[in-house]
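The two complexes that follow have chain A in common; it is paired with chain B in the first and with chain C in the second.
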Partner chain A sequence: MAVTTGTVARQRTLRRPLRPYGVAPTAILLLGAVYCLLPVSWVLIAATKSKAELFSTATFAPGTGLAANIADLAAYRGGVFWLWMLNTLIYAGGGALLSTAVSAVSGYTLAKYRFRGRNAIFNVLIGGILVPSVVLAIPQYVLFSSIGLAGSYWSVLLPQILHPYSIYLARVYAGAAIPDSLLEAGRIDGAGHWLLLRRVALPLMLPGMVTIFLFQFVAIWNNFLLPFIMLGDDHTFPLTVGLYTLLAAGSNQPALYNLIITGALVSLIPLIALFLTMQRYWRTDLSSGAVKS
Partner chain B sequence: MRAHRPSGARGAGAAPYLFLAPAVVLFTLFTAVPIVYTAYLSLRRTKVSGLGLGRGARREVFAGLDNYSAAVGDGELWAGWLRVLGYGAIVLTVMLGLALLFALLLDSAHVRLARFSRIALFLPYAVPGVVATLLWGFLYLPSVTPLRDLGIDAVLLGPGTVTFSMANIAVWGGTGFNMLVLYTALRAVPRTYYEAARIDGASERQIALRIKIPILMPAIILTTVFSVIATIQVFTEPTALRPLTNTISSTWSPLMKVYRDAFVNGDLYSAAATSIVIAAISLVLSFGFLRVVRDRAFQEG
Partner chain C sequence: MRSGRLAVAGAAALALALSAGCSGGSRETAAPTAAQTSAAGPVTLSYWSWVPNMDKIVAVWNKAHPDIQVSVSKQAGGDDAAAKFLTAAKAGNPPDLIQAEYQMLPSFVAADAVADLTAGTTQIKGEFGEGIWGLVTLGTDAVYAIPQDSGPMMLYYRKDLFDKYGVQVPQTWDEYAEAARKVHKADPKVYLGTFSSKDPGSFAGLAQQAGAQWWSIQGESWKVAIDDDATKKVADYWGGLVKEGVIDGQPYFTPEWNKALNDGTLLTWPSAVWGPGVLSSNAPKGKGKWAIAPLPQWSAGEKATGFWGGSSTAVAQKSPNQAAATQFATWLNTDPEALSLLVTEGAVYPAATKGGAALTSAPDYFSNQPDFWQQTADISATARGFTFGPDVNVTYNAFKDAFDKAVQGTSSFSDAVKVMQETTVADMQKSGFQLAQ
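Our next item is the complex of A and B:
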């Protein structure tokens, strides 16, 4: 990862006094950063505005209604918003845990075992990346309703466990992080496949599994299409579908807009916290093995 | 088929197959069966006899390729493709262009506050598409937009501007992730490559254009293919923006039409045919792109 603390930057400037492009690269990046932070900083401010202030005061002028907005949000339909938060946590947390387990075991097997059909199985699983989710969503809905499970937690949880790209990442990571000699030594000592998986492979793959978990957590947290199609009862909604239904209702009841904005802010807090605290695990390349900070 | 056992297979027996069983079962249930079922549905239709009342008046019958010819001849769907084409052209060029620019700038030695910029640029990745659309959607409203404070009277959700406003949401949400993929690939390149070029008198710009971009080509191709697939399936942004404007129809994108056919009109059969057409187009585009790129790479090499 880039180390650009103040001192290092200063030393670099001293060593190389000529900065051929001046401040332009820094300025372009900061401009991009401002663009990316603009909507997030707006929702932080807008959540403090009262109903009257939202459409009258300057866009970035703080208001006086934060406490009232949060109280309104908490009271909306008997606190259904908190249920949406909890549901999202169940879908994203449970789904990502299961997905990481399946990906890690599959990736390890595909990287470290030689067996007939290995490449065929890998190619078929990876080919799933190219299948647009819409081709799957309609039949998944029909199939789940035929067994009476459409609208249940399972109908959103189960289809999101298998994630081809996570299996690919796990395979790459297992290949780089688990030395063959260690597995061979374990085999000579008489360890079975299950023991090797649990005691040797998975502990070594842990940092890579954290990365896979994070990406899968965000992917499920952000998914809209699948829960939107599957779920009908707002007590099972995740945040994305819940906020959308609020927005759809808001086009007739503008009084809901303050709720929606406050809800959007509250829904962002867990993800942004996870995002900032887990910085060193957000990597898209797992081939280098151990996580460097 | 090889006669001798491959190395490392000693005593493997059923273990690898057992370890892969969960993935294979999930793939079968939630990918293979649904694909086959969609293909089956796309060849069926409902036949209504009499007035369509009572038990057995509606039956499912074989329809051949009728649903496909209807999908291909559907003007509304074509209009949707055209809208997505315009939207996608903006999103792909601006998003991937910015991602590449930011990755190259972060990787060059001449920027300050690189860590802050990198985190800020990646932050929108943590914002769900619905929430991103909601935030920007409010910022586009005439009574909320900061442009009003600046004295600019802009219609951001009108018929002429809505495509750009929607593209902006996708660019905002997608640039950071693509930048991270490209930046990670750049950090893996040994620094000695650039030192040699510097000693030969190459400027930073030349190093970026002549060394870094060619090295990045596989990562650029990968991000482009994934972005094309995602853009063809655009659904969340237009759906979530609809409540804030009346310029977006319920069939704005092909995927929205599939949703409407299946779940509002209850016609699963034509929705299945349309979704197969969408899948086919996205496969052809991604393979076509890979092919063009590969041919060009071989010509130059």
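Our next item is the complex of A and C:
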């Protein structure tokens, strides 16, 4: 006891300038982690329960039906779940890539070029952040209907490409990460706009672009309302809308809680995998754009 | 170096997404043009439904009718499908056929979203009971849909626990109240039933049993009478029992409710014919322990019940192939082969009177009650519905809000009914409907 207090006291004296609030921040973060992970662990445990166990055993007691649940899910309506998974990958992957490309170029342009109307465009975009996308879903549906695109893959991809917040983020990031002197040096060496963008700007913006990509990927992956309104054919549904048809399946048939919970768990896996693999790009190249100032 | 690789991978994925998007897009836009130039070639009808295995039922039709191909798209059921259909109809690209719940049909009619099928359906009127047929004509001369399934209400009860607590199956609602007191006194954890403030359909069915007529059409105008005496009687009955504490106030279809059904702390459920599907999934432990009986009556010797749920097949006003769609909807809901498929594949209780022939063996969950379907047919014959209005969703939302408060004890149950009436009338006036006083 005395020893531990002694070490703690020594650490305190050593670290006082760095940690003025002691363990409080760590405790708050731990609390936040528990808050975020508790529902996920519920999904994990509930997915292992068989139909009979789901509502009758204790909430956090693991069940015995995980394999059967996954087999049922894979067999449901001839494996339509995997089609939904593929659709979601197309919507989220394609949409996030396109959105990242558009945001990076727009953000770079807004940050590094001076042209007439720049501030006006930027202010409109900032205004766009304030408009929740939920409000736009129905007008977008009517718009896509009148050009004959409602129900197509494009009807879900296109509205999510222009994302004001990502452009804002890209502009801030470009402003901070790309030194003007580097661009000037490039210009003196005779590089054009395109070459500067490709060889100087985009490599420096990579960590920012990864952030935007992940944000957009998760946002599209979780988006429910837009595909729900846009898509009529259940073979184009993403996971969110597809799983919802299992939940609101009418009362003629037994509710498919097991499949929904297992489906939710399986649909988490790609997201987790994506975060684990993309994580390293956040840390890379903190020094790659360093210039002496 | 790294960024170069990433860019290449990105470009490849981009191209993949684009091509996938393109093919999806062209397929979607190609479909309607094919349907429009249908005079000679085969027609393709799109059909939104949430009946399980509907694709298998439709496959039988498609095989026999190469000229009228139906493609089913399984939707999220109930209110969501209705809202989505109304939006699609307004935007000009609804599906040709839609599963329409009876209570949503008037709002489809008011929005000009569904076609009048009178011409194509004159021969099949006799296939359905009068009460059901009234739900698709809304009491007018037109026919707006073809009935598919119906949900006559009955009393599901735990036979084993009724014996344990020494309770008889209640014949009247007074007996039900007595039984509720007795059971709750014997074990304070146990309730005979619960009043759900989240299920307006159930309340509407109970009100129908008592003889309520929430809406009616008089010439050109609507009459709204949600706060009629019958409805107030039903509301006050349940309100009294909830206040007394002998009937629980938790809503249906929640995990807590499932648990109560499973562990035997909830003994009855006044519900519709589709109950076995819910019970078998939410209360698997109760298999063979539940039984059905007619709903308790308001006065001894009476025989009446209401409807909870049920739906019909409607044809979109904007469909270019209304005749073909009507032909399919007629087959689906009256042909003996289709009816038996609806029963076996779709777990539907068919609205057509001939459908009873397909209901031979009792549901697995009720294997202890071999005359399940015979009882159901007897109960079904006593069911009475009422005409639904054009803004049922508003009424139903008002129900949830007002009865939430009522169950918590901050207002009385008959006040909640008054709120439903006022909200509905205000909404109909705002939408420009003519109201009779």
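Methods note: the second predicted complex is superposed on the first by the 229 of 293 C-alpha atoms of A that agree within 3 Å, B and C clash if a C-alpha of one lies under 4 Å from a C-alpha of the other, contacts with A are read in each partner's own complex, and residues count from 1 in each chain.
The criterion applied here is as follows: a residue touches a chain if its C-beta (ideal position, glycine included) is under 8 Å from a C-beta of that chain, and two chains touch if they have at least 3 such contacts.
Predicted model, so just to flag it, every value in this text is computed and none were measured.
Novice: If you count the residues of chain A that each partner touches, which comes out higher, chain B or chain C?
Specialist: Touching more of chain A: B.
Novice: Name the contact category of A:151: first (chain B only), second (chain C only), both, or neither.
Specialist: In the superposition, A:151 contacts chain C only.
Novice: So, A:267: does it touch chain B (first), chain C (second), both, or neither?
Specialist: first
Novice: Just checking: does A:138 make contact with chain B only, chain C only, both, or neither of them? Give me first, second, both or neither.
Specialist: both
Novice: Applying the touch criterion given at the start, work out whether A:244 contacts chain B, chain C, both or neither, answering first, second, both or neither.
Specialist: both
Novice: Of the partners chain B and chain C, which touch A:206 in the superposed model: first, second, both, neither?
Specialist: second
Novice: Looking at the overlay, does A:232 come into contact with chain B only (first), chain C only (second), both, or neither?
Specialist: The answer is second: A:232 touches chain C but not chain B.
Novice: Touch test for A:90: chain B only (first), chain C only (second), both, or neither?
Specialist: Touch status of A:90: second partner only.
Novice: Which partner does A:55 contact after superposing on A: first (chain B), second (chain C), both, neither?
Specialist: Both chain B and chain C are touched by A:55.
Novice: Kindly list the residues of chain A that each of chain B and chain C touches, one partner per complex.
Specialist: Looking at chain A, the two contact sets intersect at 55, 138, 142, 228-229, 241, 244, 247-248, 250-251, 257, 284.
Novice: Sort out for me which residues of chain A touch chain C in the complex.
Specialist: Of all residues in chain A, those touching chain C are 51-52, 55-56, 77, 90, 93-95, 97-98, 101, 138, 141-142, 145-146, 148-154, 157, 202-203, 206, 228-229, 232-236, 241, 244-245, 247-257, 284.
Novice: Enumerate the contact residues on chain A facing chain B in the complex.
Specialist: Its residues touching chain B are 1-2, 4, 9, 12, 16, 19-21, 25-26, 28-30, 32-40, 42-43, 46, 54-55, 58-60, 102-103, 105-106, 108-110, 112-115, 118, 121, 124-125, 128, 130-136, 138-140, 142-143, 158-159, 161-162, 167, 180, 187, 193, 197, 218, 221-222, 224-225, 228-229, 239-241, 243-244, 247-248, 250-251, 257, 260-261, 264, 267-268, 271-272, 274-276, 279, 282-285, 287-288.
Novice: Under the stated contact criterion, what part of chain B meets chain A in this complex?
Specialist: Residue positions touching the partner: 6-9, 11-12, 15-17, 19-20, 22-24, 26-27, 29-31, 33-35, 37-38, 41, 98, 101-102, 105-132, 134-139, 143-146, 148-149, 172, 175-177, 180-181, 184-185, 187-188, 203-204, 229, 232-233, 235-236, 239-240, 242-244, 255, 258-259, 262-263, 268, 271-272, 275-276, 278-279, 282-283, 286.
Novice: Using the touch definition from the top, list the residues of chain C that touch chain A in their complex.
Specialist: 2-3, 6-7, 10, 13-14, 16-18, 20-21, 24-25, 27-29, 32, 46, 48, 50-52, 55, 71, 73-78, 80, 84, 87-88, 90-93, 95, 149, 255, 258-259, 262-263, 272, 274, 277-278, 280-285, 309, 346-349
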